[in-house]
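Following this line, the structures themselves.
Heads up, the next two complexes both have chain A, just with different partners, chain B and then chain C.
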Partner chain A sequence: MAGNGVRGLNEALRTLGLSSQTCKSQVPSLCKRSMATVASTPNITRSVAEPWQPLSTVPVTVFSFPSLEPRRVESWSTKHLHLPLRRDILHLAVVYEGDSHRQGTANSKTRYEVHGSHRKLMRQKGNGKARRGSRQSPLLRGGGKTFGPKPRDFSTSLNKKVYDLAWRTALSYRYRRGELVVAEDGLELPLPDEFLALVESGRLRGVGMEESTALEDGFVRRYMREVMQGLQWGADHGRTTFITGDRRPNLFTSLDVAGEEGRALEMEDVDVKDLLETGRIVVERGALKEMIKRHQSDLVSNIFVDGKRQKGPAIAQPLVMP
Partner chain B sequence: MRRSVNLRQPLRLLSDCSCSSRTASPTTRCISTSSNTATRPRAAEQRPAVRSSGQCRTYAHNPHKLEKKKRWEARNGLVDEYIPETDPALDLPELSIPINIKPPGRVRLAPSPENIDDSTYIPAASGEGLEEVGSVADWWENDKHWAPSMNYVGFSRREKITDAAVLEAMTRRAVVETLAVKHIEGDRALTGTWMTGGREAMLKALAVDVQVSEDGAVSLTGDLQAVVEGLKPAPQAEVQEIEPEVEQLERQEGLETAQETAVQEEDAAVVSDQEAYSDVLPSEDAHQLRKSWGNSWKSVSIEDPTLKFALNKRIQQLTGHIINDAKLITVRNVASYLSVLVKPPPPKKLVELLERKGDLPSLPNVKVYPRRVTPVDKERMVGRWKVIVNELQKRDLPVTGTAGYSKTPEKKWAQAKP
Partner chain C sequence: MPPRLPILPAVRCCRAALETQSASSPLVSLFAALSVQTRSASILANLAENKGAHHKRIRVGRGPSSGYGKTSGRGHKGQKQHGKVAARWQGGQTPLIISHGRKGFVNLRAPEMSIVNLDRLQAWIDAGRIDPTKKITPRELIKSGIIGGSIKDGIKLLARGDSTLRTPVDIIVSRASGSAIEAVERLGGKIVTRYFTKESMRRLLVGKSVITDQPLPVGPEHVESVLEKARNGPFYYRLPDPTSREDIEYYRDPAHRGYLSPSLKPGESPSLYFKVPGETKKAFTSKAKQQEQEEEDRLF
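The block that comes next holds the complex of A and B.
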């Protein structure tokens, strides 16, 4: 009995030994438990020998529009376009924007603002009814409102550095999902020459149709639909937001007419919520640069230390040029 | 609402367009007549921001103004009657270019009731019972009025290739072509626009043998010159026809215009080339080729950004797949590129995912349906639905729904709801 006990202890110690531990990984995992929710272990460990080199830049392909031919590649800082997703910060920014967009013009009259005489309605005693003051009393129909809404400012505050981080987080989120398409400068929809010739000649507004834009709009709607279906960007693919530096006549007019395919925004009108809506963002290269430039307050500083100022990472370095 | 058109020379600084400043109403919409501007933005950048006052004009239909005034006078009783001066059908304005789309003709005016000789004619007092002739709102939705030349033609292949073997063959072709161009013409040529090429060009590229040595050096054996030549635009008869025009334009507007025309020709060549390229490699052939190549060629390194760009661009052109930049960050060689490229499209419905996995539908006691199993479906499964329908119809009761009657009130009482 005692011999059995010692052998058992020896076996137990052997299994705890270093040599048996190293062999463990080589044993085929026949008895490995399979679960429906099993997730592969991420390769997060690293040898001490190899130095830690985090990604500092990411490539951004610049496309021509509407052919979507890749024209060049630029290198953008990960602090601009490859930030980790922070839903909490995006939520803060969207709520902040929503608050500042509230009109806050609801207005009701108090008893002192309602028009009319303040004469006592009936005498205080002797008529068998409840006592009544003026007809502006909040208890009476047509009277003032107690604690009613008054115009006010609903806007809340958010630290600029947080808001700017949210902006870049939204762009990074789109980039990681492949939903950020950067187009060359001068993003505009080329309308076919045949249509423009018809418009110029006035053929689309014959006798009796001078005031009607039905024919022009009908053409533009179908043309826009064909383009967006060809690009797989249209209504069937979650619409598309186009962002340009300033208003582009053809693109903006066409998307006003065919709004089901997407929307177009000038850079000045864009906010974080716009970046998170629709299936993808198509942004002009110059507009993207400007947006990043305006929203990097957490990366740059105006304070000089040892004669140097923190200028933030460079925006858009050329990587592959035509 | 009046719409103004911005009649400017093509490529005149789009960002400078400020139609709203020229028009009185803020709701006025603008259409710029400069075409193909977005495809050639570099030319737009290089040009000076010249803008004369005659380049932007309102779109008010001056020829029709007089006629409009007359009609207004007629309507307001200032003149006896409005009669169009010419036959409207014959008076269509001429177009500057021939067109394939079919706009509607002029609207013809019916004669007024007083001018009709037929004594039995009684003008209709309401629209009820009259023939409907429709409006022009949906004119362009009719394919007879539309032209196929208006349809979108992009750089990518229109239909995505989904067959794994064909995708691999196309990747091999792209790898051979990019390496051949890099070898023969250098890095500068990798960023240019290449022709899609037909079946012959594809077979030439697939015939090239790719060997990767242990130190990562790649050696190509085959007719590389022919492969590179296949990527360049072939001299065509059409191009020669255009040439005299090009010369004229060159004389008129100088070198800049000539460059634009060259780009235009290139675009046209790409379009015609893509239309001709309708036959892809058959799947069986691709499978055989895949076996013969093995896996060694997939270790070709594409860490060079220019090479990666050229390969990715070519893959987009040949297969229609656009691999986004975020996925390309981790791609180091062809094998990792293929692992990103060759993936089945994501399932749109849960049932597609389950069928693809196959474990649940194969179980004897599990059935997978593409939609919710309704009470009607359950009756159908046991063959009782026909009987129910017959009995309901016999009693003149609705088959589904309550025919507008409310649900039984007793149920509400039993549940003690208000």
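The block that comes next holds the complex of A and C.
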């Protein structure tokens, strides 16, 4: 209960925070809100005459990456990016992934696998000591392990349709909170030309430190921090996950160096937990499309009826083009 | 909701607004300032299964407070407490398997057939998953999912719900029961049984073979035409013909609507060993001729 209260307060704070970023015309109306929880009177009733039409699409703005200029607006299906939050489904998926990521290679030797002779150590009687059958006994130092770990597979199973639903639920959760930034294809970090020229000429590696990348890394770290702080995407704002179709050298190496600001992942390496981890997700449009395409088994059918099959909602429809 | 982007002009605009409003509502600006500092907490810590989704294992014999402590829920004394009786134990009587022995055997080499029943076929036709206006071949049956995901050694048509069939179909399968043949033909449909193997059905599915109800041509006179066809067109694997006696006899039988049955001469038996009764003529030869023949046949 207390947790809910805190969460509610956080939500309220965030709403107010939003108001601080909106434009002047909207501010006065928001300022009228009192601190007490006043039951507002929204339009919760609806005439019977007008049929209820739930949302079928939601808008997605595609931005250019470093400048964040909106380039176009697309409409995406609510079944892809506006699913209700299902914490239980996300939990199933995250646990499933965690199980399958367990290495399970712990291995120990039993008394029959420990090297050595199985000769009886001493006579059965007359030693004034405990009887000893073999040197590998688990009771002795250097002996085998009684019930030790053996390599095994920890992976569990999850129905594919549930897993795919979890994947889209995670993306929808990000979208609803405004934490899903869709960038144009070819997402890459532009590094300053002067820096690249210096790296090229090898002048950032002084005499005696040809092997060291300390200077280059130091610059990249500071540069990355500035970029990310400027965007309010950095360590102070919960880090950022960048998802691209394939490896982008500048972005990936920079974020390897400046890991405290965020992380970069290729689309193939992403799973549900990655989508939920950092403050926001910045994803290439093509990569997002491919992710949705690969995780819609509950929306598409492989049953052909009259030669056609249900292919699910269209993944992206242009709304506003440049 | 669009992504929250820190756009400089917007921030400047808001700051101006807040400055003008600060006198009237200082709290708002306070909280606005606070919210900039809010830490983004991951949802990962707040994920959980639904209540009741997971049953906790009962740990038996782990102390009195558990309710399953002292006797572990098994009561007092006797067989029920101490163990169980093997399912095969017949109370001390000599087991039937010992007094009577095992009977029969399992033929592991028998071809395993996928089953298609007529009521299911009709349901598939009604749902639009099979087109009855076209020839229904193993390719169509497999692609429609009527026999499930795995391809077995053949497809057999059975007559469950034969009264529900109301669409005439043109179907080619590996085997068909007598009543299924009757039900299909009663409606004016056509049924042919043809020899298939697992491999040949896979090739039909991926389009490496072409379906036909004709056996492979046999004899030197066909070589040229077959080669000509192979040289001109794209390569297709030929569908195999049966080689075992039982299979050949099955597909030679008109009662099974076998694809080899048209090759039978009028009055010829589908069996390779037994002739039709009454057909055989006794050829009488003289004793001398018989002896002469024996002399010829003698090897040593």
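Note that the second predicted complex is superposed on the first by the 274 of 322 C-alpha atoms of A that agree within 3 Å, B and C clash if a C-alpha of one lies under 4 Å from a C-alpha of the other, contacts with A are read in each partner's own complex, and residues count from 1 in each chain.
Convention: a residue touches a chain if its C-beta (ideal position, glycine included) is under 8 Å from a C-beta of that chain, and two chains touch if they have at least 3 such contacts.
Please read all numbers here as calculations on a predicted model, not as lab measurements.
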| item | value |
| --- | --- |
| Touching partner for A:321 - first (chain B), second (chain C), both, neither | first |
| First (chain B), second (chain C), both or neither touched by A:305 | second |
| Which superposed partner A:72 touches (first chain B, second chain C, both, neither) | first |
| Chain B versus chain C as contact partner of A:260, first or second or both or neither | neither |
| Partner chain(s) touched by A:273 [first = chain B, second = chain C, both, neither] | second |
| Partner chain in contact with A:113 - chain B first, chain C second, else both or neither | neither |
| If touched residues of chain A are counted for chain B and for chain C, the larger one | B |
| Touching partner for A:226 - first (chain B), second (chain C), both, neither | first |
| Contacts of A:92 with chain B and chain C, given as first, second, both or neither | second |
| Chain B versus chain C as contact partner of A:237, first or second or both or neither | second |
| Interface residues of chain A shared between complexes with chain B and chain C | 59, 61, 68, 175-178, 231 |
| Residues of chain C touching chain A in the complex | 1-7, 10-11, 13-14, 16-18, 21, 24-25, 27-28, 31-36, 38-44, 46-50, 53, 127-129, 131, 143-145 |
| Residues of chain B that touch chain A when the two form their complex | 1-3, 5-7, 14-15, 17, 19-20, 29-33, 35-39, 41-42, 44-45, 59, 61, 63-64, 67-68, 84, 88, 92-97, 99-101, 103-107, 109, 135-141, 146-147, 149-156, 158, 191-193, 267, 305-306, 309, 312-313, 316, 322, 324-329 |
| Chain B-touching residues of chain A, taken from the complex the two chains share | 55, 58-61, 64-70, 72-73, 82, 175-178, 183-216, 218-219, 221-223, 226-227, 229-231, 245-250, 253, 256, 319-322 |
| Residue numbers on chain A that touch chain C, as the complex places them | 10, 12-14, 16-24, 27-28, 30-31, 35, 59, 61, 63, 68, 87-88, 90-92, 94, 173, 175-181, 231-232, 237-238, 273, 276-280, 302-307 |
